[in-house]
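You will see two complexes here that share chain A, one where it goes with chain B and one where it goes with chain C.
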Partner chain A sequence: MANTYELISGVTVGVGGAANIDFTSIGSTYTDLILKVSGRTANAAYNDTIKLTFNGSSTSAQIKRLYGNGASAASDADGSGAASINFYSTTGGTATTSTFGNAEFYIPNYAGSNQKSISGDLVTENNATSATAALGAGLWANTAAITQITLTPNSGLTFVQYSTAYLYGVKNA
Partner chain B sequence: MAAGSTYTPIATTTLGSAASSYTFTSIPSTYTDLVLIVSGSNAGSAAPLMQVGNGSVDTGTNYSMTVLRGTGSAANSFNNPGDTWFNTFMTSGTGEIYTVTANFQNYSNTTTKKTALFRAGAAGGNVIAEVGIWNNTAAINQIKVLLSGVNFNAGTTFTLYGIAAA
Partner chain C sequence: MPNPTRIEINCETGVESIIELTDAEVAEMKYAAQLAAEKKSEEDAAAAALEEQKLAVLAKLGLSVDEAAALLA
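What follows is the complex of A and B.
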(Lines of atoms letter the chains of each structure in order from A and count residues from 1; the text may use other names and numbers.)
(Lines give C-alpha, C1' and ligand atoms only; values in the text may rest on other atoms or scores of the structure.)
Protein backbone atom coordinates (compact mmCIF):
# COMPACT_ATOMS: atom_id res chain seq x y z
CA MET A 1 0.00 0.00 0.00
CA ALA A 2 1.01 3.57 -0.45
CA ASN A 3 2.58 5.61 2.26
CA THR A 4 -0.17 7.58 3.91
CA TYR A 5 1.39 9.90 6.47
CA GLU A 6 1.26 13.23 4.71
CA LEU A 7 1.81 16.83 5.57
CA ILE A 8 -1.38 18.86 5.23
CA SER A 9 -0.12 22.23 6.35
CA GLY A 10 2.58 23.88 8.44
CA VAL A 11 2.82 27.19 10.26
CA THR A 12 5.87 29.05 11.49
CA VAL A 13 5.12 32.07 13.65
CA GLY A 14 6.71 35.23 12.39
CA VAL A 15 8.01 38.43 13.91
CA GLY A 16 5.68 39.84 16.52
CA GLY A 17 4.18 36.50 17.45
CA ALA A 18 0.69 35.18 16.92
CA ALA A 19 -2.32 35.10 19.19
CA ASN A 20 -3.23 31.72 17.81
CA ILE A 21 -2.29 29.16 15.21
CA ASP A 22 -5.13 28.23 12.94
CA PHE A 23 -5.57 25.37 10.49
CA THR A 24 -8.59 25.92 8.30
CA SER A 25 -10.34 24.13 5.46
CA ILE A 26 -9.13 20.72 6.62
CA GLY A 27 -10.47 18.25 4.11
CA SER A 28 -11.95 14.88 4.91
CA THR A 29 -9.39 13.03 2.79
CA TYR A 30 -7.68 11.32 5.70
CA THR A 31 -8.66 8.96 8.49
CA ASP A 32 -6.74 10.51 11.37
CA LEU A 33 -4.91 13.75 12.07
CA ILE A 34 -1.60 14.24 13.84
CA LEU A 35 -0.61 17.70 15.00
CA LYS A 36 2.96 18.41 16.09
CA VAL A 37 3.82 21.64 17.85
CA SER A 38 7.08 23.27 18.83
CA GLY A 39 5.82 26.18 20.86
CA ARG A 40 6.80 28.95 23.20
CA THR A 41 4.59 31.75 24.43
CA ALA A 42 5.12 35.20 25.88
CA ASN A 43 3.68 34.17 29.22
CA ALA A 44 5.60 35.52 32.23
CA ALA A 45 6.38 32.06 33.58
CA TYR A 46 8.44 29.05 32.54
CA ASN A 47 5.31 27.45 31.14
CA ASP A 48 1.95 28.11 29.56
CA THR A 49 -0.79 25.82 28.34
CA ILE A 50 -2.17 25.09 24.91
CA LYS A 51 -5.90 25.16 24.29
CA LEU A 52 -7.45 23.45 21.27
CA THR A 53 -10.73 24.41 19.72
CA PHE A 54 -12.41 22.85 16.72
CA ASN A 55 -14.49 24.48 14.01
CA GLY A 56 -14.57 27.67 16.06
CA SER A 57 -16.71 26.00 18.70
CA SER A 58 -16.51 27.27 22.27
CA THR A 59 -18.60 24.53 23.83
CA SER A 60 -18.65 20.80 24.40
CA ALA A 61 -15.00 20.38 25.35
CA GLN A 62 -13.74 18.09 28.09
CA ILE A 63 -10.38 16.74 29.20
CA LYS A 64 -8.61 14.62 31.76
CA ARG A 65 -4.93 15.37 32.35
CA LEU A 66 -1.96 13.64 33.95
CA TYR A 67 1.15 15.69 34.56
CA GLY A 68 4.40 15.81 36.45
CA ASN A 69 7.03 18.41 37.22
CA GLY A 70 9.99 16.29 38.21
CA ALA A 71 9.04 16.30 41.87
CA SER A 72 5.44 15.13 41.91
CA ALA A 73 2.64 13.96 39.67
CA ALA A 74 -1.01 14.94 39.65
CA SER A 75 -4.17 14.60 37.62
CA ASP A 76 -7.07 16.95 37.07
CA ALA A 77 -9.90 17.55 34.65
CA ASP A 78 -12.10 20.04 32.94
CA GLY A 79 -15.59 18.63 32.93
CA SER A 80 -18.02 18.54 30.07
CA GLY A 81 -19.01 21.88 28.66
CA ALA A 82 -15.63 23.54 28.78
CA ALA A 83 -14.99 26.17 26.12
CA SER A 84 -11.81 24.52 24.85
CA ILE A 85 -9.63 21.51 25.45
CA ASN A 86 -6.80 22.75 27.63
CA PHE A 87 -3.98 20.26 27.24
CA TYR A 88 -1.44 22.04 29.40
CA SER A 89 2.20 22.31 28.91
CA THR A 90 4.19 24.36 26.55
CA THR A 91 7.15 26.59 27.23
CA GLY A 92 6.62 30.11 28.57
CA GLY A 93 8.56 33.31 28.33
CA THR A 94 10.84 32.93 31.35
CA ALA A 95 12.21 29.52 30.37
CA THR A 96 15.73 29.25 29.02
CA THR A 97 16.13 31.48 26.00
CA SER A 98 15.41 29.87 22.63
CA THR A 99 13.85 26.74 24.10
CA PHE A 100 10.47 25.57 22.87
CA GLY A 101 7.98 23.07 24.21
CA ASN A 102 6.98 19.97 22.31
CA ALA A 103 3.52 18.59 21.79
CA GLU A 104 1.84 15.95 19.71
CA PHE A 105 -1.91 15.49 19.34
CA TYR A 106 -3.61 12.49 17.76
CA ILE A 107 -7.16 12.85 16.47
CA PRO A 108 -8.64 9.61 15.09
CA ASN A 109 -11.71 9.56 12.84
CA TYR A 110 -11.75 13.34 12.73
CA ALA A 111 -14.13 13.40 9.78
CA GLY A 112 -16.53 10.80 11.12
CA SER A 113 -19.92 11.26 12.67
CA ASN A 114 -18.93 10.27 16.20
CA GLN A 115 -17.85 12.64 18.90
CA LYS A 116 -14.12 13.34 18.68
CA SER A 117 -11.50 11.90 21.03
CA ILE A 118 -8.10 13.63 21.14
CA SER A 119 -4.93 12.30 22.71
CA GLY A 120 -2.15 14.73 23.60
CA ASP A 121 1.44 14.38 24.84
CA LEU A 122 3.14 17.62 25.82
CA VAL A 123 6.28 18.87 27.54
CA THR A 124 7.76 22.19 28.43
CA GLU A 125 11.47 22.57 27.77
CA ASN A 126 13.75 24.46 30.12
CA ASN A 127 17.43 24.17 30.96
CA ALA A 128 16.52 24.45 34.62
CA THR A 129 14.59 22.46 37.20
CA SER A 130 11.19 23.94 36.38
CA ALA A 131 9.59 21.87 33.64
CA THR A 132 6.40 19.95 33.12
CA ALA A 133 5.31 16.90 31.17
CA ALA A 134 1.62 16.33 30.55
CA LEU A 135 -0.64 13.74 28.97
CA GLY A 136 -4.23 14.47 28.09
CA ALA A 137 -7.36 12.65 27.00
CA GLY A 138 -9.66 15.17 25.41
CA LEU A 139 -13.14 15.03 23.99
CA TRP A 140 -14.99 17.37 21.70
CA ALA A 141 -18.57 16.24 22.17
CA ASN A 142 -19.64 17.19 18.69
CA THR A 143 -20.39 14.90 15.76
CA ALA A 144 -19.37 17.35 13.04
CA ALA A 145 -16.31 16.63 10.94
CA ILE A 146 -13.34 18.64 12.10
CA THR A 147 -12.48 21.21 9.47
CA GLN A 148 -10.66 23.74 11.62
CA ILE A 149 -8.19 23.45 14.49
CA THR A 150 -7.13 26.48 16.49
CA LEU A 151 -4.32 26.50 19.04
CA THR A 152 -4.34 29.29 21.59
CA PRO A 153 -2.08 29.99 24.58
CA ASN A 154 -4.13 29.82 27.76
CA SER A 155 -2.38 32.95 29.03
CA GLY A 156 -4.06 34.97 26.32
CA LEU A 157 -0.65 36.09 25.15
CA THR A 158 1.08 35.10 21.93
CA PHE A 159 3.02 32.23 20.48
CA VAL A 160 6.45 33.77 19.94
CA GLN A 161 8.41 33.88 16.71
CA TYR A 162 9.74 30.53 15.48
CA SER A 163 7.00 28.53 17.12
CA THR A 164 5.87 25.91 14.63
CA ALA A 165 2.87 23.65 14.13
CA TYR A 166 2.52 20.95 11.50
CA LEU A 167 -0.67 19.11 10.70
CA TYR A 168 -0.41 15.64 9.15
CA GLY A 169 -3.05 13.39 7.73
CA VAL A 170 -2.97 9.62 8.03
CA LYS A 171 -4.98 7.33 5.75
CA ASN A 172 -5.85 3.82 6.76
CA ALA A 173 -5.88 2.60 3.17
CA MET B 1 7.79 11.71 10.29
CA ALA B 2 8.27 13.48 7.02
CA ALA B 3 5.68 13.38 4.33
CA GLY B 4 5.94 10.41 2.01
CA SER B 5 7.83 8.26 4.47
CA THR B 6 7.09 4.69 5.41
CA TYR B 7 3.99 4.82 7.56
CA THR B 8 1.88 2.22 5.80
CA PRO B 9 -1.55 0.86 6.63
CA ILE B 10 -1.43 -2.91 7.04
CA ALA B 11 -5.07 -3.56 7.88
CA THR B 12 -8.11 -1.77 9.21
CA THR B 13 -11.62 -2.64 10.19
CA THR B 14 -14.69 -0.85 11.42
CA LEU B 15 -17.05 -3.00 13.43
CA GLY B 16 -20.40 -3.34 11.72
CA SER B 17 -21.90 -4.77 14.86
CA ALA B 18 -20.85 -5.07 18.47
CA ALA B 19 -18.03 -7.50 19.15
CA SER B 20 -15.87 -8.44 22.10
CA SER B 21 -12.62 -8.60 20.14
CA TYR B 22 -10.82 -8.08 16.88
CA THR B 23 -7.66 -9.90 15.80
CA PHE B 24 -5.06 -8.86 13.28
CA THR B 25 -3.59 -12.01 11.74
CA SER B 26 -0.81 -12.69 9.26
CA ILE B 27 0.97 -9.47 10.12
CA PRO B 28 3.91 -9.30 7.71
CA SER B 29 7.43 -9.06 9.05
CA THR B 30 8.44 -6.48 6.48
CA TYR B 31 8.27 -3.49 8.79
CA THR B 32 10.42 -2.36 11.68
CA ASP B 33 7.72 -1.19 14.09
CA LEU B 34 3.96 -1.40 14.38
CA VAL B 35 1.44 1.25 15.42
CA LEU B 36 -2.06 0.18 16.42
CA ILE B 37 -4.86 2.72 16.73
CA VAL B 38 -8.18 1.91 18.39
CA SER B 39 -10.88 4.55 18.17
CA GLY B 40 -14.25 3.66 19.55
CA SER B 41 -16.45 3.00 22.50
CA ASN B 42 -17.66 0.16 24.68
CA ALA B 43 -21.06 -1.13 25.69
CA GLY B 44 -19.92 -0.92 29.29
CA SER B 45 -16.99 0.12 31.41
CA ALA B 46 -14.03 -2.10 30.59
CA ALA B 47 -10.40 -1.48 29.75
CA PRO B 48 -9.21 -2.48 26.28
CA LEU B 49 -6.82 -5.41 26.44
CA MET B 50 -4.31 -6.81 23.96
CA GLN B 51 -2.70 -10.17 23.36
CA VAL B 52 0.02 -10.91 20.86
CA GLY B 53 1.60 -14.03 19.45
CA ASN B 54 2.97 -15.98 16.53
CA GLY B 55 0.49 -18.25 14.81
CA SER B 56 -1.95 -17.69 17.66
CA VAL B 57 -2.15 -15.17 20.45
CA ASP B 58 -0.50 -16.04 23.74
CA THR B 59 -3.05 -16.42 26.55
CA GLY B 60 -0.49 -17.33 29.20
CA THR B 61 0.73 -15.20 32.06
CA ASN B 62 3.44 -13.66 29.95
CA TYR B 63 2.52 -9.99 29.93
CA SER B 64 3.94 -7.45 32.35
CA MET B 65 3.45 -3.73 32.38
CA THR B 66 4.19 -0.55 34.29
CA VAL B 67 1.40 1.98 34.31
CA LEU B 68 1.16 5.73 34.91
CA ARG B 69 -2.45 6.72 35.44
CA GLY B 70 -4.38 9.93 35.97
CA THR B 71 -7.95 9.73 37.15
CA GLY B 72 -8.75 13.41 37.03
CA SER B 73 -8.20 13.79 40.76
CA ALA B 74 -5.13 11.68 41.45
CA ALA B 75 -2.04 10.33 39.72
CA ASN B 76 -0.49 6.99 40.48
CA SER B 77 1.85 4.39 39.05
CA PHE B 78 1.94 0.65 39.52
CA ASN B 79 3.30 -2.58 38.10
CA ASN B 80 1.17 -5.41 36.81
CA PRO B 81 3.42 -8.44 36.26
CA GLY B 82 2.47 -11.82 34.88
CA ASP B 83 -0.91 -10.96 33.42
CA THR B 84 -2.62 -12.86 30.62
CA TRP B 85 -2.79 -9.73 28.44
CA PHE B 86 -1.62 -6.19 28.11
CA ASN B 87 -4.19 -4.33 30.17
CA THR B 88 -4.49 -0.66 29.27
CA PHE B 89 -6.28 0.06 32.58
CA MET B 90 -8.17 2.75 30.70
CA THR B 91 -11.70 3.31 31.89
CA SER B 92 -14.40 5.06 29.93
CA GLY B 93 -18.07 5.67 30.29
CA THR B 94 -20.54 3.50 28.45
CA GLY B 95 -20.57 4.68 24.85
CA GLU B 96 -17.85 7.25 25.45
CA ILE B 97 -15.43 7.74 22.57
CA TYR B 98 -11.78 7.01 23.43
CA THR B 99 -8.43 6.56 21.76
CA VAL B 100 -5.82 3.87 22.36
CA THR B 101 -2.46 3.82 20.62
CA ALA B 102 0.04 1.00 20.91
CA ASN B 103 3.57 0.98 19.55
CA PHE B 104 5.33 -2.35 19.11
CA GLN B 105 9.00 -1.78 18.37
CA ASN B 106 11.17 -4.30 16.52
CA TYR B 107 8.22 -6.67 16.55
CA SER B 108 9.46 -9.22 14.04
CA ASN B 109 12.87 -10.12 15.37
CA THR B 110 13.32 -13.52 17.00
CA THR B 111 16.05 -12.58 19.43
CA THR B 112 14.59 -10.12 21.90
CA LYS B 113 11.49 -10.17 24.05
CA LYS B 114 8.95 -7.71 22.75
CA THR B 115 8.19 -4.40 24.38
CA ALA B 116 5.36 -2.02 23.71
CA LEU B 117 4.27 1.49 24.59
CA PHE B 118 0.62 2.33 25.17
CA ARG B 119 -1.27 5.58 25.39
CA ALA B 120 -4.93 5.48 26.22
CA GLY B 121 -7.46 7.95 27.41
CA ALA B 122 -11.08 8.90 27.73
CA ALA B 123 -12.04 12.37 28.88
CA GLY B 124 -14.72 10.95 31.13
CA GLY B 125 -12.53 8.10 32.35
CA ASN B 126 -8.82 8.24 32.88
CA VAL B 127 -5.57 8.90 31.03
CA ILE B 128 -2.89 6.23 30.77
CA ALA B 129 0.74 5.93 29.73
CA GLU B 130 2.15 2.46 29.92
CA VAL B 131 5.09 0.29 28.97
CA GLY B 132 4.71 -3.44 28.59
CA ILE B 133 6.73 -6.53 27.79
CA TRP B 134 5.66 -9.81 26.26
CA ASN B 135 7.91 -12.47 27.76
CA ASN B 136 8.62 -14.17 24.47
CA THR B 137 11.19 -13.76 21.70
CA ALA B 138 8.92 -14.92 18.88
CA ALA B 139 8.09 -12.55 16.07
CA ILE B 140 4.67 -10.98 16.51
CA ASN B 141 2.32 -11.80 13.65
CA GLN B 142 -0.97 -11.63 15.51
CA ILE B 143 -2.47 -8.96 17.74
CA LYS B 144 -5.84 -9.35 19.41
CA VAL B 145 -7.68 -6.40 20.92
CA LEU B 146 -10.40 -7.44 23.33
CA LEU B 147 -12.65 -6.52 26.19
CA SER B 148 -13.55 -8.63 29.18
CA GLY B 149 -17.26 -8.95 29.82
CA VAL B 150 -18.55 -6.30 27.42
CA ASN B 151 -18.43 -5.54 23.72
CA PHE B 152 -16.89 -2.87 21.59
CA ASN B 153 -19.72 -0.91 20.06
CA ALA B 154 -20.41 -0.96 16.35
CA GLY B 155 -18.37 1.72 14.64
CA THR B 156 -15.24 1.07 16.66
CA THR B 157 -12.22 1.09 14.38
CA PHE B 158 -8.99 -0.88 14.62
CA THR B 159 -6.11 0.12 12.36
CA LEU B 160 -2.62 -1.32 12.18
CA TYR B 161 0.23 0.59 10.55
CA GLY B 162 3.74 -0.55 9.73
CA ILE B 163 6.78 1.66 9.93
CA ALA B 164 9.82 0.66 7.94
CA ALA B 165 13.21 1.94 8.97
CA ALA B 166 14.37 2.00 5.39
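What follows is the complex of A and C.
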Protein backbone atom coordinates (compact mmCIF):
# COMPACT_ATOMS: atom_id res chain seq x y z
CA MET A 1 0.00 0.00 0.00
CA ALA A 2 1.32 3.38 -0.92
CA ASN A 3 2.30 5.58 1.99
CA THR A 4 1.82 8.70 -0.10
CA TYR A 5 0.10 9.33 -3.40
CA GLU A 6 0.58 12.96 -4.29
CA LEU A 7 -0.08 15.10 -7.31
CA ILE A 8 3.22 16.37 -8.68
CA SER A 9 1.88 18.34 -11.66
CA GLY A 10 -1.06 18.37 -14.02
CA VAL A 11 -2.01 20.06 -17.25
CA THR A 12 -5.08 20.67 -19.40
CA VAL A 13 -4.45 21.27 -23.10
CA GLY A 14 -5.72 24.64 -24.27
CA VAL A 15 -7.09 26.04 -27.51
CA GLY A 16 -5.03 24.99 -30.49
CA GLY A 17 -3.91 21.69 -28.98
CA ALA A 18 -0.44 20.51 -28.06
CA ALA A 19 2.09 18.60 -30.14
CA ASN A 20 3.39 17.04 -26.96
CA ILE A 21 3.11 17.25 -23.18
CA ASP A 22 6.43 17.38 -21.42
CA PHE A 23 6.92 16.91 -17.66
CA THR A 24 10.41 18.16 -16.82
CA SER A 25 12.56 18.47 -13.68
CA ILE A 26 10.88 15.50 -11.99
CA GLY A 27 12.49 15.16 -8.58
CA SER A 28 13.63 11.88 -7.05
CA THR A 29 11.48 12.32 -3.92
CA TYR A 30 9.17 9.39 -4.62
CA THR A 31 9.48 5.65 -5.09
CA ASP A 32 7.20 5.28 -8.14
CA LEU A 33 5.35 7.49 -10.60
CA ILE A 34 1.78 7.24 -11.90
CA LEU A 35 0.71 9.13 -14.99
CA LYS A 36 -2.99 9.49 -15.76
CA VAL A 37 -4.07 10.74 -19.16
CA SER A 38 -7.46 11.69 -20.56
CA GLY A 39 -6.56 12.08 -24.19
CA ARG A 40 -7.92 12.77 -27.62
CA THR A 41 -5.83 13.58 -30.67
CA ALA A 42 -6.51 15.11 -34.08
CA ASN A 43 -5.69 11.80 -35.81
CA ALA A 44 -7.95 10.93 -38.77
CA ALA A 45 -9.10 7.68 -37.14
CA TYR A 46 -11.05 6.66 -34.03
CA ASN A 47 -7.81 5.96 -32.18
CA ASP A 48 -4.19 6.96 -31.89
CA THR A 49 -1.08 5.70 -30.13
CA ILE A 50 0.63 7.49 -27.26
CA LYS A 51 4.42 7.60 -27.47
CA LEU A 52 6.33 7.93 -24.20
CA THR A 53 9.92 9.03 -24.04
CA PHE A 54 12.10 9.51 -20.97
CA ASN A 55 14.76 12.18 -20.49
CA GLY A 56 14.49 13.10 -24.18
CA SER A 57 16.04 9.76 -25.19
CA SER A 58 15.21 8.30 -28.59
CA THR A 59 16.86 4.92 -28.06
CA SER A 60 16.69 1.79 -25.88
CA ALA A 61 12.89 1.53 -25.71
CA GLN A 62 10.78 -1.59 -26.21
CA ILE A 63 7.25 -2.77 -25.49
CA LYS A 64 4.90 -5.74 -25.71
CA ARG A 65 1.20 -4.97 -26.21
CA LEU A 66 -2.04 -6.89 -25.84
CA TYR A 67 -5.15 -5.29 -27.34
CA GLY A 68 -8.69 -6.05 -28.38
CA ASN A 69 -11.81 -4.47 -29.78
CA GLY A 70 -14.57 -6.71 -28.44
CA ALA A 71 -14.50 -8.97 -31.50
CA SER A 72 -10.90 -10.03 -31.69
CA ALA A 73 -7.71 -9.72 -29.69
CA ALA A 74 -4.08 -9.58 -30.69
CA SER A 75 -0.65 -8.80 -29.39
CA ASP A 76 2.48 -7.32 -30.86
CA ALA A 77 5.74 -5.73 -29.86
CA ASP A 78 8.36 -3.14 -30.68
CA GLY A 79 11.73 -4.76 -30.18
CA SER A 80 14.70 -3.39 -28.31
CA GLY A 81 16.16 -0.18 -29.63
CA ALA A 82 12.86 1.49 -30.48
CA ALA A 83 12.83 5.28 -30.35
CA SER A 84 9.91 5.46 -27.91
CA ILE A 85 7.59 3.28 -25.84
CA ASN A 86 4.40 3.23 -27.91
CA PHE A 87 1.18 2.40 -26.09
CA TYR A 88 -2.09 1.62 -27.91
CA SER A 89 -4.54 3.35 -27.63
CA THR A 90 -6.14 6.71 -27.03
CA THR A 91 -9.10 8.35 -28.73
CA GLY A 92 -8.61 9.85 -32.20
CA GLY A 93 -10.32 12.60 -34.12
CA THR A 94 -13.09 10.59 -35.80
CA ALA A 95 -14.48 9.12 -32.55
CA THR A 96 -17.69 10.52 -31.10
CA THR A 97 -17.31 14.25 -30.53
CA SER A 98 -16.01 15.29 -27.11
CA THR A 99 -15.07 11.77 -26.04
CA PHE A 100 -11.63 11.15 -24.56
CA GLY A 101 -9.61 7.99 -24.01
CA ASN A 102 -8.37 6.98 -20.56
CA ALA A 103 -4.89 5.79 -19.77
CA GLU A 104 -2.82 5.08 -16.70
CA PHE A 105 0.90 4.36 -16.65
CA TYR A 106 2.90 3.01 -13.71
CA ILE A 107 6.65 3.56 -13.48
CA PRO A 108 8.21 1.80 -10.49
CA ASN A 109 11.64 2.78 -9.11
CA TYR A 110 11.92 5.61 -11.61
CA ALA A 111 14.81 7.22 -9.75
CA GLY A 112 16.80 4.02 -9.20
CA SER A 113 19.89 2.86 -11.03
CA ASN A 114 18.33 -0.16 -12.75
CA GLN A 115 16.73 -0.19 -16.18
CA LYS A 116 13.22 1.29 -16.10
CA SER A 117 10.04 -0.70 -16.57
CA ILE A 118 6.62 0.77 -17.26
CA SER A 119 3.16 -0.72 -17.54
CA GLY A 120 0.07 0.89 -18.97
CA ASP A 121 -3.63 0.25 -19.46
CA LEU A 122 -5.51 2.27 -21.99
CA VAL A 123 -8.97 2.49 -23.56
CA THR A 124 -10.45 4.54 -26.35
CA GLU A 125 -13.88 6.10 -25.95
CA ASN A 126 -16.31 6.05 -28.84
CA ASN A 127 -20.09 5.79 -29.09
CA ALA A 128 -19.74 3.51 -32.13
CA THR A 129 -18.59 0.00 -32.99
CA SER A 130 -14.88 0.77 -33.21
CA ALA A 131 -13.19 0.94 -29.81
CA THR A 132 -10.08 -0.58 -28.33
CA ALA A 133 -8.73 -1.58 -24.93
CA ALA A 134 -5.04 -2.27 -24.51
CA LEU A 135 -2.38 -3.29 -22.03
CA GLY A 136 1.31 -2.68 -22.48
CA ALA A 137 4.53 -3.59 -20.72
CA GLY A 138 7.51 -1.49 -21.68
CA LEU A 139 11.17 -1.09 -20.89
CA TRP A 140 13.57 1.81 -21.18
CA ALA A 141 16.95 0.11 -21.05
CA ASN A 142 18.70 2.97 -19.34
CA THR A 143 19.96 3.23 -15.77
CA ALA A 144 19.57 7.00 -15.38
CA ALA A 145 16.91 8.37 -13.04
CA ILE A 146 13.85 9.53 -14.94
CA THR A 147 13.63 13.31 -14.71
CA GLN A 148 11.56 13.98 -17.82
CA ILE A 149 8.51 12.28 -19.38
CA THR A 150 7.20 13.33 -22.78
CA LEU A 151 3.85 12.25 -24.19
CA THR A 152 3.42 12.54 -27.97
CA PRO A 153 0.65 11.33 -30.31
CA ASN A 154 2.15 8.78 -32.69
CA SER A 155 0.09 10.20 -35.57
CA GLY A 156 2.34 13.27 -35.63
CA LEU A 157 -0.71 15.41 -34.88
CA THR A 158 -1.75 17.16 -31.67
CA PHE A 159 -3.53 16.40 -28.41
CA VAL A 160 -6.75 18.41 -28.70
CA GLN A 161 -8.15 20.95 -26.24
CA TYR A 162 -9.30 19.57 -22.86
CA SER A 163 -6.97 16.57 -22.98
CA THR A 164 -5.39 16.26 -19.54
CA ALA A 165 -2.30 14.63 -18.03
CA TYR A 166 -1.58 14.32 -14.31
CA LEU A 167 1.64 13.04 -12.81
CA TYR A 168 1.52 11.55 -9.29
CA GLY A 169 4.30 10.46 -6.99
CA VAL A 170 3.98 7.35 -4.84
CA LYS A 171 6.11 6.73 -1.77
CA ASN A 172 6.16 3.22 -0.41
CA ALA A 173 7.68 4.19 2.92
CA MET B 1 0.59 30.85 -39.71
CA PRO B 2 2.38 30.10 -36.42
CA ASN B 3 3.83 26.66 -35.77
CA PRO B 4 1.95 24.28 -33.43
CA THR B 5 2.86 24.48 -29.76
CA ARG B 6 3.88 22.03 -27.06
CA ILE B 7 3.32 22.19 -23.31
CA GLU B 8 6.19 21.97 -20.87
CA ILE B 9 5.50 21.59 -17.14
CA ASN B 10 8.41 22.10 -14.79
CA CYS B 11 7.61 19.75 -11.91
CA GLU B 12 10.05 21.51 -9.60
CA THR B 13 8.59 24.99 -9.97
CA GLY B 14 5.10 24.13 -11.19
CA VAL B 15 5.54 26.57 -14.07
CA GLU B 16 3.69 25.61 -17.24
CA SER B 17 5.05 26.96 -20.52
CA ILE B 18 3.49 26.87 -23.97
CA ILE B 19 6.32 26.76 -26.47
CA GLU B 20 6.05 27.14 -30.24
CA LEU B 21 7.72 24.29 -32.10
CA THR B 22 10.81 25.06 -34.12
CA ASP B 23 10.73 24.47 -37.88
CA ALA B 24 12.87 21.36 -37.33
CA GLU B 25 10.35 20.00 -34.80
CA VAL B 26 7.50 20.70 -37.22
CA ALA B 27 9.38 18.76 -39.90
CA GLU B 28 9.76 15.86 -37.43
CA MET B 29 6.02 15.97 -36.73
CA LYS B 30 5.24 15.87 -40.44
CA TYR B 31 7.58 12.92 -40.90
CA ALA B 32 5.89 11.10 -37.99
CA ALA B 33 2.49 11.82 -39.53
CA GLN B 34 3.69 10.43 -42.87
CA LEU B 35 5.02 7.26 -41.23
CA ALA B 36 1.78 6.78 -39.27
CA ALA B 37 -0.30 7.25 -42.44
CA GLU B 38 1.86 4.76 -44.34
CA LYS B 39 1.57 2.22 -41.52
CA LYS B 40 -2.21 2.64 -41.42
CA SER B 41 -2.43 2.15 -45.20
CA GLU B 42 -0.39 -1.04 -44.91
CA GLU B 43 -2.59 -2.32 -42.07
CA ASP B 44 -5.77 -1.47 -43.98
CA ALA B 45 -4.44 -3.22 -47.08
CA ALA B 46 -3.47 -6.31 -45.05
CA ALA B 47 -6.92 -6.41 -43.42
CA ALA B 48 -8.64 -6.06 -46.81
CA ALA B 49 -6.47 -8.82 -48.31
CA LEU B 50 -7.30 -11.14 -45.39
CA GLU B 51 -11.01 -10.42 -45.79
CA GLU B 52 -10.76 -11.16 -49.51
CA GLN B 53 -8.93 -14.40 -48.75
CA LYS B 54 -11.65 -15.46 -46.29
CA LEU B 55 -14.41 -14.71 -48.83
CA ALA B 56 -12.55 -16.71 -51.47
CA VAL B 57 -12.37 -19.73 -49.15
CA LEU B 58 -16.07 -19.42 -48.33
CA ALA B 59 -16.88 -19.24 -52.04
CA LYS B 60 -14.89 -22.45 -52.64
CA LEU B 61 -16.84 -24.15 -49.86
CA GLY B 62 -20.12 -22.77 -51.13
CA LEU B 63 -20.91 -21.11 -47.78
CA SER B 64 -22.19 -17.63 -46.99
CA VAL B 65 -20.58 -15.48 -44.28
CA ASP B 66 -23.61 -16.08 -42.02
CA GLU B 67 -23.39 -19.84 -42.52
CA ALA B 68 -19.69 -19.84 -41.68
CA ALA B 69 -20.39 -17.77 -38.56
CA ALA B 70 -23.11 -20.25 -37.53
CA LEU B 71 -20.66 -23.12 -37.90
CA LEU B 72 -18.06 -21.36 -35.74
CA ALA B 73 -20.49 -20.23 -33.03
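Keep this in mind: the second predicted complex is superposed on the first by the 170 of 173 C-alpha atoms of A that agree within 3 Å, B and C clash if a C-alpha of one lies under 4 Å from a C-alpha of the other, contacts with A are read in each partner's own complex, and residues count from 1 in each chain.
Simple rule for what comes next: a contact is a pair of C-beta atoms (placed from the backbone, for glycine too) under 8 Å apart; a residue touches a chain by one contact, two chains touch by 3 or more.
Remember, it's a predicted structure, so these values are computed and weren't measured experimentally.
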| item | value |
| --- | --- |
| Three-chain arrangement built on chain A, chain B and chain C clash or fit | fit |
| Contacts of A:A71 with chain B and chain C, given as first, second, both or neither | neither |
| If touched residues of chain A are counted for chain B and for chain C, the larger one | B |
| Touching partner for A:N20 - first (chain B), second (chain C), both, neither | second |
| First, second, both or neither for A:L139, with chain B first and chain C second | first |
| First, second, both or neither for A:Q115, with chain B first and chain C second | first |
| Partner chain(s) touched by A:G156 [first = chain B, second = chain C, both, neither] | second |
| Partner chain in contact with A:A173 - chain B first, chain C second, else both or neither | first |
| Three-chain overlay, vertex chain A: chain B-chain C angle, C-alpha, nearest 10 degrees | 120 |
| Least Cα gap, in Å, left between chain B and chain C after the two complexes are fitted on chain A | 15 |
| Complex contact set, residues of chain A against chain C | 8-11, 13-14, 16-27, 43, 45, 49, 152, 154-158, 167 |
| Interface residues, chain C side, partner chain A - complex | 4-14, 16, 18, 21, 25, 29-36, 40 |
| Contact footprint of chain A on chain B as seen in their complex | 1-10, 12, 37, 39, 41, 68-77, 96-99, 101, 119-127, 129, 155, 157, 159, 161 |
| Sites on chain A touched by chain B in the complex | 1-7, 31-32, 62-68, 73-77, 80, 106, 108-109, 114-119, 121, 135-139, 168, 170-173 |
